[in-house]
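One chain, chain A, appears in both complexes that follow, with chain B as partner in the first and chain C in the second.
Moving on to the complex of A and B:
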């Protein structure tokens, strides 16, 4: 039996009609995705099925219906698929009596490495996450953030090309977050597929603009943030313009068909629209033609967080009425980062 | 990217080392050591409390009551009933299950670690009893060794079986593994081992006592049919392999439960 991995298949994660239920509880319902190399953020409220999707991809669960493939292989009970997968589970669970180095080296050895190689790789992985000085201490003495970094180190120690991270930023301080996100970026740049669930949206936005949004076990949006936003015609957008003579600018903008309303603020004005592109053009035109002095131009609804909350509310509403909540789905991206 | 597929032997060895390390660093080893020391101390007290105690008989009683009657049940519960169940309860199982290792390697590796600890303590404890009891009469120390080794070997064989039973329950019902192991050993092995006639063959403890040349006791011992010793040994080994195979099948088909996520 060959011990060398088959890396011919591109790191991909493909689900088709994937459903998973636990007794009467439906965790995932008819999920179909095709993810390629790069960084994907898996977003959704608690209980939306994020962890279930990651566990299915990691071969810890079997689908109730449909199928999931990692690098073209069914992951459950398939060592050839699992050797290409690294998982950082959400649970803060490690063996407290082992040191950080023993933990990661042991798990590396279970991945097929010889003891000396496993130790070297474990040291390198722990160093990458800033645990060099603490790696000989028992994990039981670690802070929550350090334990999180041990979990991440074990996930990458065998150099997987599909990295599944379940809430990897939980309990981490800003420095740890920076180290974790840098490592994620580095791995994605080397061609890995990184799928991570998180609640820390600003970090997601800094890391990737490709998201999967799960609500009540269904994917309500997937693709690039701007694509999703553009496809959601009903997603209201506000544009804040701070300039001199805001009342005059507001009067001009009210004549534009793409502008739904204008509201004066303490400083400047707020323009509401459902067609952002023509409205931005109209604002620019009005500013130039009217000779206004522009101080700032921002949109509080253009952030990922605003889109997330809008989609979650929308998904929950649709699920309650039995309608398909996935109508806001952008194209499934499989390209590089 | 250099991860490799672990060959089966490598995988079993890695799991065995991991399991052994956990046992060595855990509290259960200390509990087991205290239990063994108590039995050794009890044997020494029984031997030296009176002048007319025959050392051979003292060793025999210690092996019969302390080892075949208590430690052989206690040690597998301590070392094997939590082997997989603890990983699941402590939510560390996903860290292991996601490795490219056949699930059967986890069963075998964890079994070898738990069984090894059980057997080592049983045999070491029996030899310690032998040594302590014969200290006052060194002339019989070596002459009586074969009898003690035979009894210790038989008890160790039973311990290996009970470790497999404990592991089976650990894999099958992790949330109640210890309770079910204790019930199984108490009802099927201990209680049924005292039944009359053919009914006694439900329990492997009867064959263990036969192999170790220990008193078989129980209800109406004269009604129990005589069988060749090799059949008893074969029965114990077969049942051990059967429970291990069942555990491997159950674990290889097991999914992580929702509460473990």
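Moving on to the complex of A and C:
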């Protein structure tokens, strides 16, 4: 029997009022998202529900409430949906006694490939992740990074449209990390939806600016980083300006209505604002008009990491008061990468 | 060295999900073979049948010598082929099937649960039934081979050494031996895999299986020996299967327990173990 996967529906992940609890523990609470093709970073502290969301999308868990659909299909127990999904789980659950090739070929065969084809594609996937020389060795002899790459190879071996990666960079060296991120980019560029959870924020920034931030099972932010940041009026931003005559520049900037405060540093000054865009324009204008010699212009709060920490603290605070922590949500993006 | 071989969408034919049990069967056979217990049994499993062959050979020599000396027929006790095969089954069951069902069967689901391997299996288009059929079949094949292989060897040797024109009758033992090996393989495989679903602790499931395998038989045998009451043996899987083997091979034992007592209980046990495993698997969501 031949059953071709239905590739007509666009790779999408849609959740509506999705909740999941284990006994009395709530892992996800009323999550509604609509993700389209492209790369999405799933961020959040430990225990925030990231893995639960990925497992729900991979059909491993049944929602307690609400609904989740992948490519328009409910994934739990639905072969047509599961053939379009590739999951790299966080758990290091590989079988030590099997070789890397046996592991990936077996899991590829479960996707419906004939044994010979499954083996060929397993070889290609393992080679793509740099395991050509090690694929015939038992997985038990692999390093942590190599095991991680076997997990990734089995996730992509059947060319899924929706790739779900749970902490894919764990235990990987810089070269492997680069290869993994390149693979993610390639797949997204060809129209796949990649949703990956990670704690390595600098590499998230290099890969995508679209994030989904979970705190205590709720989505506290979703969308592009700058959109989220702009919507957070109370999120203070500091701008560090290193130039000659910092005191004079500070005096000029204090006249600007968007500037909340100025503080002199050892080298230059720190400008505090809640309206970054007009403040950046004001700084640039003041530098030019005053003939200052600019050496550097940076913002420690403009990074994803700073925003992440701010939103996590804010989400936890809001959850404690019972307020809706999702007020910082940007628009639900479904466009291309 | 890291190499990019490019993105190659798979456009080839896809097998239906129904073939997944075969994938799981191959996977199960490989994983069972990785168990040192299974390897040990595969290496030592041929010792009892080889001993049986030696016994058959000695008996044949004694018979020929008796004929040459003109000893009247019946002076050398006749070898009962059915009883011989039945005894072989007993040895194989207690010595080897117990080990294989423990090492390869009673650990199946516990190991996958403990390792959290379900996130690999069930994120693919694999159903609980396909998983169970595949993994149980792998254990059953090992047990079947351990029972039927040596039995074939014995029956062929018995047929080849028949001196009283009973060759065809002895060859005819192949069918009941086949049926018994099949039944025992199914019951022991389903039972041990079902027990393996009880917990994610392999120590616990192995202990539970060993208790189920040995304790009722020991208790039942003691009660029968002391009080002459055999019915407690209805709780013993080896005893129930032995009763069916006796019926299939037409071995008279004089026991009050007959095959029609044993078969419903065996079926009930197998169905119950299967349902337990399926239910536990369905309930065992992959908790993140």
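The rule is simple: the second predicted complex is superposed on the first by the 335 of 337 C-alpha atoms of A that agree within 3 Å, B and C clash if a C-alpha of one lies under 4 Å from a C-alpha of the other, contacts with A are read in each partner's own complex, and residues count from 1 in each chain.
To be clear about the criterion, contacts are C-beta pairs under 8 Å (C-beta built on N, C-alpha and C of every residue); 3 or more make two chains touch, one makes a residue touch a chain.
From a predicted model like this one, the values you see are computed outputs, not experimental measurements.
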| item | value |
| --- | --- |
| Joint occupancy of chain A by chain B and chain C, clash or fit | clash |
| Touched partner set for A:132, first chain B, second chain C, both or neither | second |
| Touched partner set for A:84, first chain B, second chain C, both or neither | first |
| Greater residue coverage of chain A in the superposed arrangement, chain B or chain C | C |
| Which superposed partner A:52 touches (first chain B, second chain C, both, neither) | both |
| Partner chain(s) touched by A:175 [first = chain B, second = chain C, both, neither] | second |
| Which of chain B and chain C A:124 touches, first, second, both or neither | second |
| Touching partner for A:187 - first (chain B), second (chain C), both, neither | second |
| Partner chain in contact with A:102 - chain B first, chain C second, else both or neither | both |
| Touching partner for A:111 - first (chain B), second (chain C), both, neither | both |
| Common interface residues of chain A - those touching chain B in one complex and chain C in the other | 1-5, 22, 27, 51-52, 55, 58-62, 77, 79-80, 82-83, 85-87, 89-91, 93, 95, 97-98, 102, 106-107, 109-113, 154, 158-159 |
| Parts of chain C lying in touch with chain A, wherever the complex brings them together | 1-5, 7-10, 12-20, 23-24, 26-27, 30-31, 34, 115-127, 285-288 |
| Chain B-touching residues of chain A, taken from the complex the two chains share | 1-5, 7, 22, 25, 27, 51-52, 55, 58-62, 76-77, 79-80, 82-87, 89-91, 93-95, 97-98, 102, 106-107, 109-113, 151, 154, 158-161 |
| Residues on chain B engaged by chain A in the complex (per definition of touch) | 1-7, 10-11, 14-15, 17-18, 21-22, 25-26, 90-92, 94-103, 252, 255-258, 261 |
| Chain A to chain C touching residues, read off their complex | 1-5, 22, 27, 49-52, 54-55, 58-62, 77, 79-80, 82-83, 85-87, 89-91, 93, 95, 97-98, 102, 106-107, 109-114, 117, 121, 124, 127-130, 132, 154, 158-159, 175-176, 178-179, 182-183, 186-187, 190 |
